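Chain IDs A, B and C follow the sequence of writing; residue 1 opens each chain.
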Amino acid sequence: MRTDTDPTDADSANTDSANTASTDATPVGPAHAASAAADAETSGFWWTAGPGRWVCLAVILAAAVLFPFVFNNPATTSVAIFTLLYVGAASAWNTFSGYAGYMALGNAAFYGSGAYVMANLATHLGMRGGVAVFALVPLAGLGTGLIAIPVGWLALRTRRHTFVVVTIAVFFIFQLLAYNLRSVTDGSAGMPMPLPPWLAVEYNDYFYAAALIVAVIAVAVAWTVRRSSFGLKLLAIRDDEDRALGLGVRTGRVKLSAFVITGTLTGMCGAVYAYYLGSVYPPFAFDALFDVTVALMAFLGGLGTISGPVIGALILEPVQQYLNTQLTDAGFALIVFGALFLVVVGFLPEGIVPASGRLLRALRIRAARSGVTE
Amino acid sequence: MGTQIAQAVVEGVLTGGVYALMAAGLTLIFGVMQIINIAQGIMVVLGAYLSYSLQADLGIDPFLGLFLTVPAMFLAGVAIEWGFIRRLRPQNRTALSILVTFAVAIVIEGVLTQVYSSDLRTIDAWYVDRSWLLFGFHLPYIYVFGFALAALLIAALHLFLYRSRPGFSIRAAMQNRAGAELIGIDIDRVSALTFGIGAAVTAVGGTVFGATTSFNPNSGYDLISRLLVIVVLGGLGSVGGALVAAVAALVVEDVTAVVWSPVWASTVFFAVLIVVLLLRPQGLFGQREAARAH
Amino acid sequence: MTDLLEVWNLRKSFGGVQALSDCSFTVAEGSIAGLIGPNGSGKTTAFNVITGYERADDGRVLLRGRNVTGARPERVCAFGIGRTFQITRVFGRLTLLENLRVGGAGVSRERRRELYADARCLELLDSVGLAGYARTTAAALSYGQRKLLELVLVLAQEPRIILLDEPAGGINPALVERLGGYIRELNRNGVTFLVVEHNMEFVMGLCDVISVMERGSVIAQGSPETVRTDRRVLDAYLGGSLDDEDDEDEDEDELADNRAGEGGDRR
């Protein structure tokens, strides 16, 4: 009887006749590659382990904070803001889809929800533009998280393949609701956000800061989840959900929790986006391209890793923004995008982080070996 | 109101038939290849544009033009399968297929925008705006033709699947890919064939779609979202399910437009999916989670 | 000896196929029970029903008298029923230690600290010779090693009974023997086992009581000797054409030879 669910991936059983386990030799060959890739995956920070990584992190954060002061061209900071929002959104996407292995391709529903919740909050609280509005971002995230609960509950009742399509369908429903639920969204007229009183020269800086904070939060959450037992359960679900069930993992609860976390974080990104854009319209808040872009970023960087989505976003978003502005010819832009996607998917199905982790590992091995043969 | 509802039901059935054909292609592709062809929507649009060009530039009747567009789309499907799908690794195959086919869809959309611009078009023919008056129902020619053709092709597809050798291979591959390979079925060829069929049916859908709706390259999104809903509703991999789901969903949508409002009709279309999934997560005819542990 | 596991009148059909029809058997506490039968007799379906991966159409499953029928797999685990799969399933991309720690979900918080302490985890891995792989991913292991790993994953939770689905499948004879010894040792320490197996030698040598299934129901239950000579069992396995006296004698001779050949592994 055919099932179209098979939680286990291509980690196929290799029947092996020689199973005297040598407990001391460093395994080499395919086994070695697999374990090294996994080490890269489980450690997350592939360039160094140990105290060095905290230094690296500090340097990166410092660079990120200083960035708008060094490059204060508004066009550049604008790209940076979008990039940071995607860093957050891609990390959020990865926290569920990457760790649990369920491809959710409708996260734009949460991005847009966050935007609309933000707009509604700002309007109903009668807020005027300014820094205070940023305080609404976590609330918008919370609101989106609440929305994510029933959505997740429904979507997770289905199997992996159906799940993907259901998330896509949910996205389109949300888009339709944005157009039709006039009472809440004002339909295609859109909803305005309060206009901040900041000068043009510093305008972007505020949003950059907000976007950076949201991105850092998203990555921090991804990191925390990864190293917790909760994260371990997600990974177990990814590798073999039935085996996890048999060991007592409450997969339904775990998956839903991760899904809601993703929704909340994505909603926060959408909230900042709404404020930055100044108004919320259905086609921009609920953009089908977003769904695929965040997934692609995570894939490019390395699915299931922590730095993967970050790297993926840092690479792809500036490219996307560049193409958006440079290629005014809409048709040609689409062709280039599509081709770019195909190239990315075609050549790096594993992702940059695991691939470079393996490369680094191989280099280290070679260095060690050449040292030994002296 | 009663006659309006009845009219809506009739239209729903007629349009449902055409959607059923396109959805059948999509679900067949999933069943055999375990991939979700997101490009199905834009391929319908491509089919529409091909029909349009044949009609506008060469004066060929859209339905007659199918003799050209169907093989053309079939070949396009085979080319896409060979060029992009075949190279997908087994890991994350379904998810990757979504990304790949989405990318292909974007490229096609871009090409169409370049060639035809974003202006809305429709296919013209003598029968486009005329209808039969039968027992008080208005039966638009184009829908009746489309439905008849779709019904014919679905029957042909059924015969093909159940009475021909390649059809047998397809069904075998659907049920057990590894097993099919073991008995000598060339999975690559079956995949190419299946994808080609999935593409070929979009040519037919495209002609009817193009004649009844004004379209531009952006119309692909709406189409694929509907097709996806239909195949999930019917149960991924079930051709019969796609048929029932297509007709049911379209009827519900058309009736809602009459009874409630056209604005909410499309939302209800998706809502039907939600309701069904609440009761049957596997869709109407999808396979229940069979013994997972073996 | 009390019955730890009781299965009563299980019924389960898939579409037109009746996988289980009035299937009943019991497993005494502290024993190693076997469940055998020709292909398609419903053994794995029975396992799936007991462990919650399938819902029976009818029937009951009792654990020490307590009704656990229809419980979902997570709950079944909490009740103390562990299970391995026919095709060994472990978490390929996780390290062995991580594999183990997943099982922490299935025990209470208090016991988790004691059962999943680092020291105990390494000890468990060491008992099957996998301690050296503690920090490598499970995908790097051979099939036989994965089998042992899966067993350890289940063991770590200290379940009352472990259901083994074809533990001897796909591994070499040396490992089969090692596995048998391991199971016996665990049993001596109080773990009850229910083993589905095709490897007759293994089952006959290992189990105290064997239940034989055919076409969805249990047709015989008893000691290995009893089961081996039971007419219905012979019919089930050999196709039933035993009208001829000569054939009967031939078959009995064959079985006698097998019996003679098995010397060593008996209790």
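To be clear about the criterion, contacts are C-beta pairs under 8 Å (C-beta built on N, C-alpha and C of every residue); 3 or more make two chains touch, one makes a residue touch a chain.
Please read these numbers as outputs of a predicted model, since none were measured by experiment.
Nearest to the common centre of all protein CA atoms is the CA centroid of chain A. Of all chains, the one whose mean C-alpha position sits at the greatest distance from that of chain C is B. Chain A and chain C have centres, each the mean of its CA atoms, that are 42 Å apart.
Look at where the CA atoms of chain B average out and do the same for chain C: the two points lie 47 Å apart.
One inter-chain figure worth recording: chain A and chain B are separated by 31 Å, centre to centre, where each centre is the mean of the chain's CA atoms.
Under the contact definition stated at the top, the residues of chain A that touch 2 or more other chains are 1, 9, 242, 246.
Among the residues of chain B, those in touch with two or more other chains are 290-293. Along chain C, residues 14, 51, 53, 85, 87 each make contact with two or more other chains.
On the side of chain B, the complex with chain A involves touching residues 30, 34, 36, 84, 87, 89-92, 94-96, 98-100, 102-115, 117-118, 174-176, 217, 221, 225, 228-229, 231-232, 236-237, 263-264, 266-267, 270-271, 273-274, 277-278, 281-283, 286-287, 289-293. Residues 1, 8-9, 11, 13-19, 21-24, 27, 31-32, 34-35, 38-39, 41-42, 229, 232-233, 235-236, 238-240, 242-251, 304 of chain A touch chain C in their complex.
Contact residues of chain A toward chain B in the complex are 1-5, 9-10, 103, 105, 154, 157-162, 164-166, 168-169, 172-173, 176-177, 180, 242, 246, 288, 292, 295-296, 299, 303, 329-339, 341-342, 345-346, 349. Across the complex, chain A is touched by residues 14, 51-53, 72-74, 76-78, 82-83, 85, 87-95, 98, 101-107, 129-133, 136-137, 139-146, 150, 153-154, 157, 170-172, 175 of chain C.
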